[in-house]
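Heads up, the next two complexes both have chain A, just with different partners, chain B and then chain C.
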Partner chain A sequence: MVEITSNTENNIMEIVIKGEVDASSSIHLDNALESAFKASDKILVNLHKLDYISSAGLGVFIAHLQEMKEKGVKMALFGMTEKVRQVFAILGLEELLTITSTKEESLALINEA
Partner chain B sequence: MKHNITISCSKTNLTLIRDFVNATLSTYGINEIETHKLVLAVDEVCANLIIHANQCNTGQHLELGIDVAPGSQILFVIRDNGTVFDITKYNAPSLDEIVSSKRKGGLGLLLVKRIMDKIEFTTEKNHNICTLIKNL
Partner chain C sequence: MSKKTKIRIIFILGVLSWLLYSFSDLYFIFLKKHRMTETFVDLLPQVFLTMFILSTLFYYRYLITKAESINFMELLWRVFLTGLGTTVVSLLLRLIFNLFSQTGFIKNPVTVNFFYHLYVGLVIVYVISTFVVWKRLILYQKTKNLIQLWNFFEYALYLALIFDFMGHKLQSLMFNVALVFLSTFSVVLSFNLKWIAYLNFRQKWKSILFILLSGIYLYHFFLNLTTYSSTGLLTNDLLDHVFVGAILLFIFIYALIAVLVTLFNLPTSSVFEQKLKEAVDFQKLSQSVPAGQSEMETYEILIDSSMSAVFADAAWIEVAQSDGNKLITRNIDAAEVALLKETSPNENIHRIINLRFTAGLNQQKNFSSLSKGTFRSIFALPILVKNEQIASLVLLQEVSDAFNREMVNIITTFVNQASITLENARLLDDAIENERYKEQLKIAKTVQKSLLPQQLSNNASFDIMAFSMAADEVGGDYYDMIDHGQGRHGLIIGDVSGKGTSAAFNMAQMKGIFHSLSQPGIEPAEFMIKANDALSRCLEKSSFITASYFEIDTTEKLVRYVRAGHCPAIIYQEKNQVILDFQTKGMGLGIVRNSEYEKYVHSNAFHYSPGDIFLLYTDGITEATNPDNQQFGDERLKTALLKYTCLQPEKIKEGIISELYAFLAGKKLEDDYTIVILKFN
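On to the complex of A and B.
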């Protein structure tokens, strides 16, 4: 089960993902990211409460990368637990995605010119 | 096998598989980070079998068995009787290919290969048998 909420402040959309993203629930993450790209070009993804993510969820982030680049959308992920960070690391996703420890660091990166 | 669970082939039952692997490995004192990776690898294989070998048909079943030889290895055996789906013959795409093709699949097997030490697939009568081995 995954719960996804979002709010926008100063034109920056923050998406909060709670729970587990797997083959069954990744469609919700996909829909949330799709909506986010349409609404904002600066997106923060808060993963403090993400307990689990499988390839279906990781694939959602990767599948949207090209589109984000084309549209000039900036996205940064922050707050991963060590368990979740290790999963991103197994695939080397730190090279492809912007990942930081804190919200402040993510904010600074997406606000860069 | 020492620890077994059988589920019907629905993606929503993947959570039962994960809870079972978590609970089983915790009784052997496998650390949390390692357990999390093993749960992920088993989840990926089961998801593939549920979706591609059994087309999410809840009338079909999938069985997972776990044997732990402390200090030596962990053996996971996944059996189902869907269509033959040999994950070891599937070439995992590179990350670049996945990004450029905007595809959402293909990462699962890459994860399984990087987490497990050995992956085998055999067919016995009407069963697919996928064996995953992690050396301790």
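On to the complex of A and C.
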């Protein structure tokens, strides 16, 4: 199961994803990202407490890539555990998504330019 | 003989016996007048009258069917109509009789008796038909004892017919004894009035009216009979018959008791109707799903039945749904509902109406008074399915202290029934969904299995074996190899994201792409770019495929490859007895769906030597978790491989799989997994 919370501070929305994102719970992630894009164009995704993400969960991020580009939404992911980061890396998503270790780095990246 | 013919024959018999009765009686008067007597003629009118009575009785017994709750009013209506008809005819007779009263004609015994015969016919028809109707009503919901009692009464009446041949006059001792005996029976039988309980308020008033009218007819007939009797000219006075007296009394007694009982039942009839409606509503609630209605319809029935059961002025039901709560209201608007949700009188009600009730909480304090606003009483109940609140039912009254324990019990019963209905509906939906899903899986598995090559061809340069295992949930693992000739081979391993049929079809597309693109001379990078291009156009937005493509050149002992987001291959180098780890870049197919993808394609190559082992796998192996939620991971996979390097691919596979299952310690695999092992010679 996954638990997703979000809060907005200075026009930047932070989404916190806890637990496991698999085929059945990926719909919640999809809903959360969908509403985040409507609410803000600067999004931080906190993955400190994400234990596992399946290909369906990765598919959610991929499905939104094009939309983010078109809308000019800036999104940065941070705090991944090594295991999760490996999953993103193998698929090549590190080259497409902004992924950092800390929140500060992510903040700096989405605020620049 | 059909029922219709029987009725006809009896009717003709009745008319015939009446004619004979009248004729013989008049003939008797004629003989008497001329002072001629023949003893046998004395009895004839009485015999024909008895025949007439019996045929009328059987005629109506056939005609008037069994009483059922739907035809009580019809039966009473029949009594009313028969009474009306016979009374009107008797009034006409009286009019004619009075017209002639001025002349001496009236003093003539023949005329008087003839009119009397007509009159007797009317009285008998009315009295007997009413008697049969009363019988039907008394025997409604009969018991064995009641039937015995009634049969006894009816036989006693037949005996009275025979008794009447003895010619005991009215008021004589024998006559009175017989009459009192039969009347006692009438009184006892008259207390069988179960049918009255099934009448609604309106029907009760109507039946009182009908019965009162039938009493008036009876009185009218009785009055006329005595008038005729007083003329002293009658040869055969009906009032001298115990049978007639008893039946008149019986009709009167039953009518009297029925009117009184109906009258006293009037105030309680609304309660009875209410209870009946509750029962019907309850049935509606339990049947709303088999009739193919949706959840919302069950809620609609629930709110309406609950409101009418406790006389609520307003009510609402709020249903928790993933796409926003649904509100069903009666006589209250959403703003008022929102306000009441804010200002609940106690914690318990507050939890219920805000859909935060948890099972095990006190259900006692769920009705209360409100201090301000239009509504002064509130009553809330949670609708639970599997101990989880899925909706709330709130009833409101404009007066304070409007709800009581009794009402709570009724509504609780309604709500429980609705819960069962809703739960059943959900279970049914789940079962159907599950069945459909299983069917899909079956198809997907069949498709997937047929897409994988039956066997990979070994050759002089290397031994190869592949193994794929589908888990319960079908993924879309794919591997394949094509011989390009001149010692070259194209090899692919891939994993389609998603599950079920869509994954299986995407896998089929991947196979098509592999077989059309993997031609002699194609560069691995070119293969991936073209494959990405093709897949970009057919994969749905959130789907992607990870793959690795290898071009094995056995003459050069060279492997050139591109990794597209797939788990990196593991290479065991025989010479140094180490595992080589190629952490190369590469992006999955279908992620970047334009020419920019080329930027993310990285070509790699390595030389191999005899004895080297090449291990390809899908993430079903590395992501397999044990009961402690630990993943098998690539480190364990590499360690496992190192143990079996001297064996042939088939044995290596067996070794690795047994290591994997030992690690899983009985836990089931959630994803399918594939390994391809290639050992160079």
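We take it that the second predicted complex is superposed on the first by the 113 of 113 C-alpha atoms of A that agree within 3 Å, B and C clash if a C-alpha of one lies under 4 Å from a C-alpha of the other, contacts with A are read in each partner's own complex, and residues count from 1 in each chain.
One rule holds for everything that comes next: a residue touches a chain if its C-beta (ideal position, glycine included) is under 8 Å from a C-beta of that chain, and two chains touch if they have at least 3 such contacts.
Everything numeric in this text was worked out from a predicted model, so none of it was measured.
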Determine, for the superposed arrangement built on chain A, whether chain B and chain C clash or fit. clash
Touched partner set for A:Glu82, first chain B, second chain C, both or neither: first
Should A:Ala39 be classified as contacting the first partner (chain B), the second (chain C), both, or neither? neither
Now for A:Ala108: first (chain B), second (chain C), both, or neither, which partner does it touch? neither
Comparing chain B against chain C, which has contacts with more of the residues in chain A? B
Partner chain in contact with A:Ala56 - chain B first, chain C second, else both or neither: both
Which listed stretch of chain C (41-49, 329-337 or 491-499) steric-clashes with chain B in the superposition? 491-499
If I apply the document's touch criterion, which positions on chain A are contacted by chain B in one structure and by chain C in the other? 23, 30, 55-56, 58-60, 62-63, 65-66, 83, 90-93, 96
Would you mind writing out the residues of chain A in touch with chain C in their complex? 23, 30, 51, 55-56, 58-60, 62-63, 65-66, 83, 90-93, 95-96
Under the stated contact criterion, what part of chain B meets chain A in this complex? 11-12, 14-15, 18, 32-33, 36-37, 39-40, 43-44, 47, 50-51, 95, 98-100, 102-108, 110-111, 114-115
Interface residues, chain C side, partner chain A - complex: 473, 495, 497-499, 541-544, 546, 564-568, 585-588, 590-593, 600, 619, 629, 631
List of chain A residues in touch with chain B within their complex: 1, 20, 22-24, 26, 30, 52, 54-56, 58-60, 62-67, 82-83, 86-87, 90-93, 96
